[in-house]
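Provided herewith is a single structure, encoded as structure tokens, for subsequent inquiry.
Letters A, B, C, D and E mark the chains as written, and numbering starts fresh at 1 in each.
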Amino acid sequence: MIRFPESMSAGAALLAEIERRSGQQVSACYQCGRCTSTCVAAFAFDYPPHTLMRLLQVGMVREVLASRAAQLCLDCMTCSTRCPMEIDVAGVIETAKLVADEAGLKDTERDLRLLRRAFLSNVRRHGRLHEASLLIWFNFRTHNFMNDIKLVPLVLRKKNFHIFPPRIKNRRQMLRIFQEINRGGKG
Amino acid sequence: MSVYSYFPGCSLKSGATEYDRSFRLVADCFGIGLDELEDWNCCGASPAPHHWGGDLGILLPARNLHIAGASHDGIVAPCAGCFNRLKYAQHELSRNDDLRRRTGQALGQPVHYQTDVLNLVQLLNREIDPEDLARRARGRLSGMTLGTYYGCVLVRPPQIVRYDDPANPVKMEPLLKAAGATIPYFPFKTECCGSYMGLARKEIVLRASRRIIEVALECGVDALVTVCPLCYQNLDLRQRQINDVYGTDYHLPVLYLTQALGLALGFSPEELGIEAHAVNRPPSAL
Amino acid sequence: MTEPTTRIIGFLCNWCSYAGADMAGMSRMRQPAGVRIIRVPCSGRVDPLLVLRAFQEGADGVLVSGCHPGDCHYGSGNYFARRRLELLKRMLPALGINPERFHYTRVSATEGARWAEVVSAITERVKNANDND
Amino acid sequence: MEDLISAIKKVLEQVDVVLGWARSEAAGVAAPAFFHTPAEAEGAIFDSTCVHNLAVHLPRLADKKAGIVAKGCDARSIAQLIAEGIIKRERVTVIGVACPGVIDVKKAWRCFGFGKRVSDSGGQVAMEGKTVKREEILLRKCRGCREAGPVIRDVTVGEVGKAPAAPADPAGIRKRFAAMSFAERRQFWQDQFSRCIRCYACREACPLCFCRDVCTMQAHEPGWSGGATNSSQSWMAQLVRISHMAGRCTGCEECERACPVGIPLMLLLEEQNAVVEELFGYRAGSGTEAKTPFLTFDVNNDSWEQER
Amino acid sequence: MIGFFICQCGTNISATVDTGKVAAAAAAMRGVAVAESIQYTCSDPGQATIAEAIRGKRLDRVVIAACSPRMHEATFRRALERAGLNPFMLEMVNIREQCSWIHSDASEATRKATDLARKAVARVRHHTPLLARKTAAVRRALVIGGGIAGIQAALDIAAAGIPVTMVERSPSIGGNMARLDKTFPTLDCSSCILAPLMVEVKQHENIELLVNSEVDDVHGYAGNFEVDIRRKSTCVDEEKCTGCMICQDKCPARAPDDFNAGLGSSKAISIAFPQAVPLIASLRKEHCRRFNGNKCRLCQKLCPAGAIDYGQEEAVLRRSFGAIVAATGYDHYDWKASYPTYGMGMYPDVVTSLQYERLLSASGPTGGRIRRPSDGAEPRQVVFVSCVGSRDESVGRPQCCSVGCMYTAKQAVLTREHIPDSQAYVFYMDMRAGGKDYEEFARRAQTRYGTLFIRGRVGKIFPRRGKLVVMGTDTLAGDQVEIEADLVVLATGLDASAGAGELARKLNIACDRNGFMTEEHPKLRPVEAASAGVFLAGACQGPKDIPATVAHAGAAAAKVIGMLARGELEASPMVAAVTESRCAGCFKCRGVCPFGAVEKARLPDGRPVARVIGSVCRGCGICNVACPPGAISLNGFTDKELIAEIVEVLKPDVGYRTLDFG
């Protein structure tokens, strides 16, 4: 049960933070559901996009931050371009994702978080993405060793395919970028 | 001759080498100079903006913008994702002093970010005269019906990429029409293919991509044309996975725009790397 | 007279703000005693020179109040007014008048409470306007 | 000069009179002249001593076809007069000239002595053997001139569009004024206007002050200001003029140049023009089609009071 | 000689304001001949005291310090008039609402009242007698638009004996209502209730009907409008044509069917629809073979009445009117360009609600059988999509169309009535059924007719195996929805009709951000436009259903009748006036006037000057500020009066002055 006004006041600070960072006005949503209508990932969400917006409106911000939906959003921005109120729905969800991280809500969709982290440390190390090692590492960590293995020969067929693409030269600069992020951001 | 800084991005150097190759072939044909960016780095793709406050999604592409500087007529990123990240970084840097300062700190000098960022379609539209293309096309696309698939990040968010009509983009059409193809109205040209979920949440990708292929076939297309390596991956490489899961029997070729144009210009499917695609059964007219 | 009263000239449009001030009176809302209201048909009738003239005659502050956008009895008077008055407001520093002494605002016929708040707040701001800034 | 004279002669074939300048025997600068015949036009000159804004005469010639020699800044006044419908575009032929900047005759006299005739040649302004670099005595408006190419012109003489290369005016009074408190500024204006003699030269020199005889600066009715020459009433009278110039002043500086007691009127007009430009992105005299911002409004974007 | 009267209002004023003290102060003011404190100035004895003083002391000006002028100014003006004084020689001081009721300190309140009294005395010295002017009004009204709003307004005005000219741009009157099949919530047949009214318009002795005509230009002002009406060339002599339709039957050139909203086709020469009024043919040159290089003259040869005249030319009529009613109605929102997700018009089986009306109507292209445009099949699954071009900021249409919910419910009901084994689905945002019996009707659509209402917006429509897949959301169930539909009906929103903005400019009235014409006051003057003498009827003022339109049109007619019944108009004299000797002829006043009340005039010496049309001016005074030489000024609020108020109200500097400016 949602209890007003307790619910609103509990979520107020987080909602204000999400609205400020995304530059969006959540209260403008009138729940038409057009965001959900053509969302390709919504079937895998725990809350469809319009419900995420509603939860924010009623102050249930933590539910949104902890939701699988916020993690699974592809940021394809289809909802944002179709919203009749011109709300950047994807921007709101994306902001929720960041705020969730900062609030330490990191339990949902661990695989996905793992993959994104792995991607970034891969980039930190090489300066560029090393697809093969990412695949192997990810499958190993998720104990799903056969995942996409059948695709490998298809890729290997391609000419000039580098199993080990060259690293970038100025790796110190790359490290400085990551250091700067860790200094400025709240990661 | 115009010369552009060329930002291939990770895909064009690994899983999408044929995109790189066909792009260079087509560029050569029309005298477009490509100068690969010295020591470029990954644009950050989808994960970077989702972690550590999101600024990594700006600093990584910013380094590339900085390297490109003002040396050429702009920087071209054929990968739609890379294009989007570069545009996004440019947009944020132009309006956020603090971010600019921090980026400069990481780079060791004030960041240069104002270079003209172009996607592949933009570049080709700028450099190729459709009449010239029509003259040089050898008729290999004539009689072919191609579905133009733009995906998400080429046109969204419109206020940042500022490219084409976000709800109904049409900029690929003049080139492909000049090359001889027929372009039907394809209602799923901007529906998402499932993005980077292929590894961790495959069902999202398969469901989304299946829908695109299904509607494309309904529209009677012989092949889909894209400019995004990730879309290609989901639609072509994973087409067999789609068939396995949904019990379908799709064999819809997916071509990069440069491969389609390359065919029209007389290059062979082998030269263009089409034969290395998962669905490499050439469309009837090839 | 112990403390000089802060005298504020208020130019109020007949249809919205003047009626709003009447409404405040009907609700017996206490207001600062230094406000002197001059009724005009429309805020579009308020010549910026009238404001300057009021300052010249010794007004401590001037307030122009009209209808909310879209509510003007004459359709567009308040739109003309806000252009003229915004210019005036921004010119005041060059004339040696602290812009805190001049305000233009919007109060509708039903907003008696708002009128009382507006005049109280503005009287305070005028009182605190420092001319040595 | 030959180009100018032949241009004037050509224009004279189609108009009743051409406004220009001729060498003056009396004062320090060139004299405005009305050329009616080709013979008269032989006397036409143009150099940095041609300080006047001749557009001031156009409203009174509204029933004639007139040609006019115009500097960049003069052309803005003409454009504004046309935009306001005071004069008709088809009745005026504008001869745009390349302007080297015009001199501040008060500064010239400070160099050479009061009332002396000055002449200009090749960047040097000279009088009785003495010379001074032109850019040192240019009018304030010419420093950082934005109007080098006349916005409207039918005939062009010389290579227009090059602004005079002169250093910006030393801030002087403006710097002091900017630092003043509100009270000090009031005092400043009281002092300035205590010198005003209510001669209305400011108004007479202004091309946009077309009301002339019915101007409310001096009229007894309705009583914006009294007729006295005291600081308070003179100040109010000037505020009437400045208020009426809102969104119309093209910044030609003629009022300040004409003021015999040297009141820095442009201090206020420049401020007003800057505010108008900031609020509405509008500069008076930018074109003949523009609508003064105070004769129109924008329902959605005029919302400054909400921002506060 | 000024009389000053201060009201105690019982104790309402006198409890805080020492009225005796104020009166004493007033008595000392220049020109004040009498100053009295009265218990109730508005009472009969109070008014008598004032009248007596006016006569006895030969007062020519009166100041009354009492309640708000908004309360009793009119009362006291009448009192002055009865006492033989011009009513505008009055000035009121508001010392109740704006003084005694809001202050508790008696000395402060008394001082303020004295200041205000001084200001009023100074002001009243400048008052001049003003006379309300009367102008003759032309006893004829113009009704623009021949839909149900125009028809209702015209019939009502004509019934009062006032002649009406109705101008309709299409070949027949009837408007959008003539195209509807049945009407909610009663399901009575639209044309059955409309057709008799259309005929009545045609036959009414007080109504002149001009079809194929448009308003070209409007001059003049309330009571005396001069209107140019352009009669378009249709190549048919209206007097001769009998409506036999032979020309239409034999015409070889196909043309789009406007009446059927683009479904089916018509001929280049045709009668708009079988019930058209007037029942005459008209020829559309752009589709006629003869006007496109062929030699065809079939219609002329076959016409038994000899009504075809290929050389017919446009004509412009000039008429005078006392009042104008705009009844230009609405157009359905043109959705195609803004909704690529719904196929941009690429799918023939995605139709608009208006097209669906024609598919339902027995007079429509399918004879009242619902058939899909693509293959003529009878649909089983029909999906209705609400709010297309309504409540959608992303296409610039934030407004509610106010009829979509109801007409969609009606169409869903009719679908089941036409095809009993069909299923209707309605995607809606909020069910807005605020009229009499509307909610009950919408309920019945759900319960008795089995319509499935789905709360959510459709995201995408695309084809699959001859059907249309509608992707939407059921926000109540919280899940995505997919329906394979045979036919999709878009409930398009309502726009102001094409050309309404242009007409509004001619009439000098405003349009709101959605393009609808603006009424003078949203509550109290809903049919008056901001320009005197112009009235609004029906959907041109904002989306309306039929009952609201008829009521609105009737109200507009009542206003016209009220205005023209007396034959003359009385205008308030508190309007702007030009002192011609001061006018510099810059016409800035004309540029800012919201009502077009300033005209250009020439003095005998040829000098152009501004002139105010008193009956059009509404007295806002915007012009007064715009006039640099102060030539135009607002009677009752002149610069002189306002300056006098400022100077006097601030006069005693003792203990006050803190600011030294100038």
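Here, a residue touches a chain if its C-beta (ideal position, glycine included) is under 8 Å from a C-beta of that chain, and two chains touch if they have at least 3 such contacts.
Everything numeric in this text was worked out from a predicted model, so none of it was measured.
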| item | value |
| --- | --- |
| Mutual neighbours - chains that touch chain A and chain E alike | B |
| Chain whose Cα centroid lies at the greatest distance from that of chain D | A |
| Which two chains share the largest set of C-beta contact pairs | A-B |
| Most distant chain from chain C, judged by the mean position of its C-alpha atoms | B |
| Chain A-chain C separation of Cα centroids, rounded to whole Å | 51 |
| Euclidean distance of C-alpha centroids - chain A vs chain D, Å | 62 |
| Chain centre separation in whole Å, for chain B relative to chain A (CA means) | 22 |
| Contacts with two or more other chains, residues of chain A listed in rising order | 38, 43, 81-82 |
| For chain E, residues that touch 2 or more chains besides their own | 341, 460, 592, 626, 639, 643, 661-662 |
| Multi-partner residues of chain C (at least 2 other chains) | 47-48, 53, 56, 76, 80, 84, 95-97, 131 |
| Touching pairs - complete list by chain label | A-B, A-E, B-E, C-D, C-E, D-E |
| Chain E contact footprint on chain B (complex, rising order) | 165, 167-168, 185, 187-188, 191, 214-215, 218-219 |
| Of chain E, residues touching chain C in the complex | 68-71, 94, 96-99, 101-105, 108-109, 111-112, 115-116, 119, 510, 518, 521, 530, 574, 592, 594-595, 618-622, 624-626, 634, 637, 639, 642-643, 645-647, 649-651, 653-659, 661-662 |
| Contact set on chain E toward chain D in their complex | 513, 581-584, 586-588, 591-592, 626, 628-631, 633, 638-640, 643-644, 660-662 |
| Chain A residues within the chain B interface of the complex | 38, 40-41, 43-44, 72, 74-78, 80-82, 88, 91, 94, 97-98, 101-102, 109, 111-112, 114-117, 119-120, 123, 127-129, 131-132, 135, 138, 142, 147-148, 150-151, 154-155, 157-162, 165, 168-170, 173-174, 176-182, 184-187 |
| Interface residues, chain D side, partner chain E - complex | 84-86, 186, 189-190, 210-212, 214-216, 219, 221-224, 231-232, 235-236, 244, 291, 294-296, 299-300 |
